[in-house]
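In what follows, a single structure is set out as structure tokens and then discussed.
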Amino acid sequence: MKPNLREECGVFGIWGHSHADILTYYALYALQHRGQEAAGIATVDECEKDIDVLRGQGLVSEIFNESEIKQLNGRSAVGHVRYSTTGDSTLLNSQPLRVRLKSTSLALAHNGNLINAGVLRDNLEEAGSIFQTTSDTEVIAHLAARNPEKNIEDSLIQTLRKIKGGYALVILTPEGMYAARDPHGIRPLCLGTLDGAPVVASETCALDTVGAEYVRDIRPGEFLVMDSKGRDSKRIADADSRALCIFEYIYFSRPDSNLAGQNVHRVRKKLGEYLAMDHPADADVASGVPDSSISAASGYAEEAEIPYEMGLVRNRYIGRTFIKPEDELRQVGVKLKLNPLTKVLKDRRVVLVDDSIVRGTTSRTLIKLLREVGAKEVHMRISSPPYRYPCYYGIDTSSTGELIAANRSVKEIEKIIEADSLAYLSKERVAEAAGATTESFCTACFSGDYPVEN
Amino acid sequence: MKPNLREECGVFGIWGHSHADILTYYALYALQHRGQEAAGIATVDECEKDIDVLRGQGLVSEIFNESEIKQLNGRSAVGHVRYSTTGDSTLLNSQPLRVRLKSTSLALAHNGNLINAGVLRDNLEEAGSIFQTTSDTEVIAHLAARNPEKNIEDSLIQTLRKIKGGYALVILTPEGMYAARDPHGIRPLCLGTLDGAPVVASETCALDTVGAEYVRDIRPGEFLVMDSKGRDSKRIADADSRALCIFEYIYFSRPDSNLAGQNVHRVRKKLGEYLAMDHPADADVASGVPDSSISAASGYAEEAEIPYEMGLVRNRYIGRTFIKPEDELRQVGVKLKLNPLTKVLKDRRVVLVDDSIVRGTTSRTLIKLLREVGAKEVHMRISSPPYRYPCYYGIDTSSTGELIAANRSVKEIEKIIEADSLAYLSKERVAEAAGATTESFCTACFSGDYPVEN
Amino acid sequence: MKPNLREECGVFGIWGHSHADILTYYALYALQHRGQEAAGIATVDECEKDIDVLRGQGLVSEIFNESEIKQLNGRSAVGHVRYSTTGDSTLLNSQPLRVRLKSTSLALAHNGNLINAGVLRDNLEEAGSIFQTTSDTEVIAHLAARNPEKNIEDSLIQTLRKIKGGYALVILTPEGMYAARDPHGIRPLCLGTLDGAPVVASETCALDTVGAEYVRDIRPGEFLVMDSKGRDSKRIADADSRALCIFEYIYFSRPDSNLAGQNVHRVRKKLGEYLAMDHPADADVASGVPDSSISAASGYAEEAEIPYEMGLVRNRYIGRTFIKPEDELRQVGVKLKLNPLTKVLKDRRVVLVDDSIVRGTTSRTLIKLLREVGAKEVHMRISSPPYRYPCYYGIDTSSTGELIAANRSVKEIEKIIEADSLAYLSKERVAEAAGATTESFCTACFSGDYPVEN
Amino acid sequence: MKPNLREECGVFGIWGHSHADILTYYALYALQHRGQEAAGIATVDECEKDIDVLRGQGLVSEIFNESEIKQLNGRSAVGHVRYSTTGDSTLLNSQPLRVRLKSTSLALAHNGNLINAGVLRDNLEEAGSIFQTTSDTEVIAHLAARNPEKNIEDSLIQTLRKIKGGYALVILTPEGMYAARDPHGIRPLCLGTLDGAPVVASETCALDTVGAEYVRDIRPGEFLVMDSKGRDSKRIADADSRALCIFEYIYFSRPDSNLAGQNVHRVRKKLGEYLAMDHPADADVASGVPDSSISAASGYAEEAEIPYEMGLVRNRYIGRTFIKPEDELRQVGVKLKLNPLTKVLKDRRVVLVDDSIVRGTTSRTLIKLLREVGAKEVHMRISSPPYRYPCYYGIDTSSTGELIAANRSVKEIEKIIEADSLAYLSKERVAEAAGATTESFCTACFSGDYPVEN
């Protein structure tokens, strides 16, 4: 129910495992929630120059079949899931991006967003580079190609020193696999090990799924080399202040993933508990907006000592391509996706927990729906601060339009969404739930303080 | 996580509404959980003999597109979702089944199972009828075709008097729509109204989705005529004892549906509460097997006053057609679908609530998984009695193989699944949660007392 | 270039061969010109009751894949290619039609048309039969089901005695395969043998393709039994006058097929020779409308001692689903399919040979096209008599609209199509080219003398 | 029946026409014989920088649908059909290739092969260019991107001066469309005009299909600019000796196309006449291997004054994806594609005309087939000289393996293919049939004299 906030990607890589291809396929299933419009797998063998790539549009289940996976060669692989736009360009823009340099071949899987991509691109075009995609990833590839360094590792490190923004990057070559994270560690990336082979992934749930053991998170500014000689940690930049995207906890990551050692479900449940402490409501029942706010709602209920109820049921089968109801069928609209439970809500004072409010239209609709089935009062509780500023590091806010909180007070929003009461959790509390202080996180979307200078 | 218990169908019908076709499409989305392998819509206009049918294999989202729906003609429609087997026969067996009789055309949508289909079929074939499908539905059509009654209503009523079993049936003809339920009311069927047009559906969630108002359940043994003259209730059989399938509450129906006036989620939560009362466990945390046991687990936690936690996270994207892990990749197996949360389970004594145990293999695997991530104890609690006997009225137990409880004590099962303790809820408690006594339900799968004589 | 004349089907069968399924697949490729909108294969094993069926819409190359073919079981098979209409009904109407009787199962593959299907259908419905398709084939199945005979052979023979029209029928059961042809032998059907197994097919080109040896044509009114005991020829009706559809020679059959021992290409070439003898033209060059009139045009050229030239080139790649040019792009129209060769036609007096004129619009367009690239004169020569009457025995004339020759003289048609001259071949000459007299053929489309009494 | 000789592409372009997109679609249908594995259309508007591209794998009929074509924007378009290999790389390698330079965007459609692509590529990679495809076309794009010239026209001309080989190139930019042909004019490219808009195409049949008027061939070494100011002819190189690929006449081009003013069918027919003059045979009948040798065979027959017969019938429906017969079904093999006509061949002395012999296996198989149906003698006549040397300018000889004529005499080949006699036409005669001397053509595949220095 967050149509306007979209993580842009999930990445995965494994070096030197006899089932590298199929394990990457399973890992992409585990990361599917991070991108549902395209996916790809690239594989390579240490001895050979050619990198195989299989990419397609849609869900992992729709793109890959067994015979194609079996045709992939190689004991090392990277994978990617992403959101993208329609048309021919989609597939070109989809990842991993495979390019051939003079010295070697690369397959790049990239999550994040560069803030100086435009300038870098202009310079490259000026110098005669041609672009076939509109992605930031191609900029990185061009920079590496033009880098005078002797070996690919050094070229890549030099390249990454030129780019600014939030990124988690996995790069596969026949010589080795490289994992890198921007100097603030805005986008998540973790390291694991499976049967002795190093594994990297956007989230730990992918490690769990393939049976890999978690080792540690890739450090902010780290450039990790994985090859036949083992693992070697290098640095893109000096240790900087950490600034992990706080929305990974609030909304994006899977509840069974751990970020910086903190379990996402547990953090969310704590967000609900803090909400109940800081913003109590005189209510009979607490419900969450499925699926992302279920944990927070149960935390709220436990802390408030009121029953936690399934106030809204989500239809799991609404696909990306269903026929949209026309105007005369407005009654079908939201209920097709979320159906309120009259027996649970009627004549009750309800606390409705959600993770964020973007434009306010969804909240308004849900509150109206709850009242229609008889809710006496609806108290909206948001498990994060007001979302006020666009993200430049990998969250698609392109379609957010007017952020309702950009220039409105909580009281004004309360009125617009027609809640009996509305309260947000402070960023300090969110940081506390995640086991740290606000300095450890990028909270630019709440505060406007962007960690990377432009 | 109930691969071996399958509801066989969901049905829907609407008579005399200008958006009959598209509303049926939305209703099938709401009923998708009742059958995911085939779906179909049949439409008709009162004045015309021809019934249009659109059917296909797969999910509603895959089968229907806007242009095809628009080509359907008619202000009345019936729809169907079902499970079925592969190959050419699937599509032939899919519903609604459209047949042409001398006097009229019929489209039949049927949920349930006849226990005397074989005998009826033999008699019909003896008399020269030919069968193109293996479905019970075709038997009903043949009986109606050979019935000497003057009008189609009487023919259908005479026909239904000959069949035995559990069924919810919606039949569309150019003259009227007919809804029928077996004399014990084993399979659910409810009546609603939308803009003055009568609507029938397997579950109330479909009424909610299309914006229809709930009127009442179709009565056991009722044959409801809906046509241009309005609604007319007739009877197939004298009032018999009710015997609604109790598993509709426990597992099949959507939590937002109401059956016999009882909300499914609320009933399930109460099952959890009763479980906590009757079978307490000395535990730190309660979790449910997603998705069907979430309500019961939260009821258990509230009653037991221990935290309710998301101990297992389900991957929503595993489709029907993913590549199965080979033997060397056993570690991938279950975790691809269900991932345990170490941070929630480690060093904890866990109550794991599930709705039923069929063969025991899933329970055993899950318990093992919980122990692997550090659960100190696992207490299994089942929100229904031991499942001991096959169902003949519409639940597919064809692939159940050995029912683990068929001839084993609870202690024996506990040992096989390696639980620290195992307890089932009594059928009296299940009935109580559903607001009635066991006499109101078909509990044959627990007791072997089948309500329909063979 | 005969959009308005369509053969409705091609049939094939093979009894007792270890590669029955895949050979049927290849045979359907050979018969693809007889129907391009649906195809199917049914297989059975002698010992088992279940008949497997695989059917689909489109070309043979689109419908069947190797893994599905391999899943078919059985050493005997029948196949079918057909034209059909769109929508759900298509697949239901597609063949082979599989039905289950009391005593056995049948798969029917049928080419032709019954003239008393309506009456038979009415009677059957009156007696309580229900119909799921609109095809004549289902009428045959119902009749067989209701027949009181002891064994299926006798039931089928009794059934065939009740139907009237033109048909070639192959019926597969677990007990044996049956091939039947109507008493006048209107639709073609031939017998061959491969590795000792009997093979039947609409045309000999299918025998050639699978490597079978031609034995003889199935005789008019013959009912040929093929089973474990060998071949046994029975009779549906007493020997009647033969009346093979003469259009099989003129247009439908593949040039490499032989009908009643006459090679179709050779007959067509002779038609061209007779045209040149009977209707000479003072011309520089002869061309045929591809592909069906190439043989006749070369015969004309040889007899007239003028060069045979490729005056029109046909684009082989225009599929069933190309985007039709809109009105503003009229210039694209015909040339997309047929391109005239300026260098061959400019300043020449051209004889253009075609096999028939249905509505005249195509002829008119082609003549205009030839003049546009500089043809000085266009003399149209038709290798058959004027097509005046609808066919009731298996040629789809449903979309013919007004047959231009129905009530017009040759001179009038000449004027409408704007030919410098127009001439048709007499039916006597057509019969002579086919090695017989007009009495041996059904020439109803030319004469209105229908061989089967209604 | 030339599985081993493949033209690699067909190109088309139109500048400034309100139906540019759909006309390109029709033109690709006309050029489909030049490439059946991928196709694409790129469109642009003069005022806008963005070029739209639609590409896919398969036939034109499978790739494009109406709604997608309608989404293309622009009054100018280029199109491309090609052969390619399977997998993800296919689509990346498919054309038109769209790239973004600093100054503008380009869409390139390219037919031909560069002989110095490897060296150019090495140099570019050395300088930091990265490659995403393996195609020569990307080399051209990179060269243009790195060219210091002020405008795109001059950059392209400078670029083309660096490449060697045979090519026909159409390049679309928002500023203008450019058509270029290598200095020897090895690959064909012609100019036409439609409603005032310039049109370029590989073959004139595409001009005919869209209704364009033929103007002239693009000259060897010409760089033709088409933009809002009209047409402007520039030169890549000084006038060189012409060397049009002689195989375009013999095999590749459509019979209705004209090359250098000569009609392909007419040239082929003359090849057959010369064959009859130079290499007569004492025979009863002449037949050609369909489809490419039909014209030559009819020319042979006329000159030799023996009947021209359809000795082999080709099955038009064998698609790219049919199930290959296994070893036990060898009898199905060739006959599935080509069926010999016993009635035409039995007891006859046959002249079989084909356009070339690559490995000899097909010829050997066909001759054997003819003897099996009773041909008394088979005299093979080839309408071109022995094919001895690989082509480096755009014909795929990668899979030719051993060219049978590479180091064998005609007598030796005759023996291998088991012909009663075998004769080839001299290159002088081929040139004569095409209305010129051998100096006007590239005959490297016969002589080893390559027109372009390496």
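As written, the chain order gives the labels A, B, C and D, with residue 1 at the start of each chain.
Everything below uses one rule, namely that contacts are C-beta pairs under 8 Å (C-beta built on N, C-alpha and C of every residue); 3 or more make two chains touch, one makes a residue touch a chain.
Remember, predicted model here, so these are calculated numbers, not experimental data.
Of all chains, the one whose mean C-alpha position sits at the greatest distance from that of chain B is D.
Centre to centre, using the average C-alpha position, chain B and chain D are separated by 60 Å.
Taking the mean of the C-alpha atoms as each chain's centre, chain B and chain C sit 49 Å apart. Measuring from the averaged C-alpha position of chain A to that of chain B gives a distance of 36 Å.
Counting only residues that touch two or more partner chains, chain D has none. Taken as a contact graph, the chains are arranged in a single closed ring, with each chain touching exactly two others. In this structure, the chains touch in the following pairs: A-B, A-D, B-C, C-D.
For chain C in complex with chain B, the residues that touch the partner chain are 52-55, 71, 87-89, 91-92, 97-102, 122, 125-132, 141-142, 145-147.
Against chain D, in their complex, chain C makes its touches with residues 19, 22-23, 25-26, 29-30, 32-33, 36, 59-62, 64-66, 69, 205, 208-211, 254-256, 258, 262-263, 265-266, 269, 291, 294-295, 298, 302, 307-310, 313, 315-323, 325-326, 328-329, 331-332, 335-336, 339-344.
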